[in-house]
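Once you scroll down, you'll see the structures, which are given as structure tokens.
Look for subunit A in each of the two complexes below; its partner is subunit B in the first and subunit C in the second.
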Partner chain A sequence: METQAVISCINIEKKYKNFKLKVDKVDFPKGFATALIGENGAGKTTLLELIAGLRLDHEGEISYFGKYSEKDREEDPVVKNSIGYTGTGNYFMPGWNLKQTKEVQELLFDGFDGDKYDEILKELAFSADNKTDANKKVNSLSDGNKTKLMLAGVLSRNTDLLLMDEPASALDPLMREKLCEIIREYLAEAEGEKSVIFSTHNIADMENVTDYAVIVENGEIAEQGFVEDLKEKYTYVKGDKKDEELGKKYMYDMTTNNYGFEGLCLSDDLDKLAGADIITETPTLTQLSVGIMRANTRLKLA
Partner chain B sequence: MKISQNSKVPIYQQIADSFRTDILEGRLGQGEYLPSIRGLAKELKISVITTMKAYEELESEGMVTAVQGKGYYINPQDGEMLREQHMRKVEDALMEAIKYAKIAGMTDDELTDTLKTLLRFEEE
Partner chain C sequence: MKDMLKVYRIFCNRIYSIVVLVLFPALAIGIYTMLTGRLAEWSLFIIAIYMMVLGVFGDFFCYNGINSKDFQFGLFRNTLNGRKNLKLAIVTDQIRRLLQISFVLLICGAITLSSNSTLNKCEIVLLTLILIAFVYGANSIIISLLRFITEYTIYMGTAFILVSIFGAAVSVLILYRYEYMTINLWAWLIVFIVLDVIGSFLAVKMPLRNFDRSFKEREV
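What follows is the complex of A and B.
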């Protein structure tokens, strides 16, 4: 399938004292939702912040919408206005109240629609009685409400790309479902023109809204691809104890217990397990992610 | 359209099956367009790529044709062509069976006997 990239990252390197992010190449597909998946500290937030321009000095190149450079992102308001970013923690200044938060966004972004903003906050059940207290300070909000405030901010602008750092984590199950709905609606607004990139630990909740997966481990990309392709590349295998040695030899990743083993096998390697008494399944995104993360982790798991 | 998340049949396959039935039984006619990919994904609460894979499957079967920027329209259904496509699928599946028969060291007679036995079961 031919796709264009909404964001292209080439030879990105960003060094910290004890950590290095090193991304050889990622093309985030235009018109789709991409999930960044990986352990805490794997580099997901750093990558998103580099793309959003919240962190600057780094090696390599990031290009936007197939034609803009990072310099354009800084200088051309068209690029800035077409990207919406939601982060974790205190994206808005903690001392601001809700009225100021809205005013600042009106100032910062062309196309910010204040009425739509209020409407979305209502839709997201921001406050129980649908009345927002304009003097309420941002730092007195729950984490869930901080997320809703950021979501309303980006959704009330006319953007072509949403960058969202852990949008699901602070939301309750009902709101996670709503978040998925919001992402699908956003993508459907203009067939193939709008894209979403989000990081998440809540893989199962986001599976039905994930088109492309980028699995980050230890500062590097361990695997990436369209989910449907990854589900063909890997097969989930369960086997008996007697075949464990064969499994150890040919499985991509596996765990064992007293009765047998299970895990991911490269579909091309399935032939090598011929003769073993196994059952095979199409992996879920969670099984794929966990297997690939475990095979590439720097942690020593038992 | 009913989609089961817990079925052994992959979701994209369920979608393709549903449209294929609609086309073959005349509920969707020649020249009509399938729903937009992202619109259908939104309605069915599934990912865009899964919907796209369903449409690509229908395209590879010759049921629909993709038009850049417009979507997928339904082709006239030619009985002869459909039969040929299904025969090609039968050949592919049999090639797969032959491959595994070789791995298992089966003789040609054993393989044809297996096929005959399976056909008998199917009839019963």
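What follows is the complex of A and C.
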């Protein structure tokens, strides 16, 4: 599928003491929801922060909306105002109360709509002890409610891109479903002009809203593509114990147990397993992600 | 002006404002009124130390740790307006600090004018101005150092030490004035105005430097 890129990252390199993020090329498609998937420490948060402009010292180039550079992002308010970022860590000062979170955002962000903020908080059933309390401090809120505050904040601005770092991790299952609904509504708002990039561990919960997946492992992009294309590229295979050795030769990734093996196989290599007694199915995004991550991980697995 | 107040309130909440801007200054003036009858201009030194302690300890509840590398500027980093508003908040706080110290010490100075002081009126006014300059400068320098500390007990302990050091400096002033009669009050005023400039620069520059640094990482 040919699409425009809302964010393009080329030759990105960022070094830490024991880690290096190295991205040769990744294009996040415009008008779609992209999931940045990877294990802990893979580099998802670092990549999102580089894109959001929260970390400035890195090599490589990032371009925005097909025409702006990082320099434009730092100098032209149009670019940064078009990006809404939610992250982990202290987004709001812990000592602020709820009224202050609204006042601060009105001060800091051009085009922040305070009334819409209140409306969205109501829609998200935001509560502190089942009632809204303007004087309640941020540091006394649950992680779920803090996430709702952040979401309400970015959704109250007129943005073209949402960057969300683990938006679902603190939310209950019902709220995760609501988050997916919010993302779908956001994308539908401007007929393909708005985009969402989020990192997640909750692949299963976010699968029904994910259009494009970027799988990060060991600081590198292990795989990327539209989910439908990836589901055609890989096949989920289950086989008998007797065919395990054959599987080891041609499977992209596999696990074994007392009864047999299962895992991902490249669809192009399926014919090599023709003689084996196997069941094939279209992989879920979770199966795809776990399989690809496992094939590239440094983690020692049994 | 409206933006200055809004941005000031981001860091300094209502309770802090009531206690630090109203309650303690009123207490200071009340205490001073009681002391001045017995101690005359000596009370000015006591109130100067009191205002220094108030400013230093109160800052913990607003800008706690803002110079430390672990301080997360959060929302401020997500917008191009972040640095500008952060600077405005800190500058407003410095202006508030100077006005508050001046207000309290000028009232105390005015009370001293009617006391049985050994100083003449000109000397009392000059001494008041010197103490305003001293307290503001000392406060600004001390909080610039304390803002690296996030832990409450360490902050308070270090604050006591630093206030004591600066308090000792005031003692030197008293010693020279009353023991050796060699002090030139105008010279001390100039010294403390220089201290104010240094203190103001540090108080504003260091948080902004920390903010700029927060976008970069130490690399190996």
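We take it that the second predicted complex is superposed on the first by the 298 of 302 C-alpha atoms of A that agree within 3 Å, B and C clash if a C-alpha of one lies under 4 Å from a C-alpha of the other, contacts with A are read in each partner's own complex, and residues count from 1 in each chain.
By our rule, contacts are C-beta pairs under 8 Å (C-beta built on N, C-alpha and C of every residue); 3 or more make two chains touch, one makes a residue touch a chain.
Not measured: the values here are computed from a predicted model.
Between subunit B (first) and subunit C (second), which does A:32 come into contact with in this model arrangement: first, second, both, or neither?
first
Can A:182 be said to touch subunit B (first), subunit C (second), both, or neither?
neither
Could you look at A:110 and tell me whether it touches subunit B, subunit C, both or neither (first, second, both, neither)?
Second partner only.
Name the contact category of A:16: first (subunit B only), second (subunit C only), both, or neither.
Once the two structures are laid over each other on A, A:16 reaches subunit C alone.
Which of the two partners, first being subunit B and second being subunit C, lies in contact with A:192: first, second, both, or neither?
After superposing on A, A:192 lies in contact with subunit B but is clear of subunit C.
Output check: A:51 vs subunit B and subunit C. Expected answer is one of first, second, both, neither. What do you get?
Neither partner.
Once the structures are superposed on A, label A:93 by its partner contacts, choosing first (subunit B), second (subunit C), both or neither.
After superposing on A, A:93 lies in contact with subunit C but is clear of subunit B.
Looking at the overlay, what does A:212 touch: subunit B (first), subunit C (second), both, or neither?
In the superposition, A:212 touches subunit B alone.
Name the residues of subunit A shared by its contacts with subunit B and its contacts with subunit C.
Residues common to the subunit A contacts of subunit C and of subunit B do not exist here, since the sets are disjoint.
Contact residues on subunit C for subunit A in the complex?
On the subunit C side, the touching residues are 3, 6-7, 9-11, 13, 61, 72, 74-82, 85, 215-217, 219-220.
Applying the document's contact rule, which stretches of subunit B touch subunit A when the two form their complex?
10, 12, 36-39, 41-42, 45-50, 52-53, 56, 71, 103-104
Using the touch definition from the top, list the residues of subunit A that touch subunit C in their complex.
Residue list for subunit A touching subunit C: 14-17, 52-57, 74, 77, 80-81, 85, 89-93, 95-97, 100, 103-105, 107-110.
Quick one: which bits of subunit A touch subunit B in the complex? Just the residue numbers, please.
It comes out as residues 1, 31-33, 180-181, 184-185, 187-188, 191-192, 207-212, 226-228, 231, 271, 274, 282.
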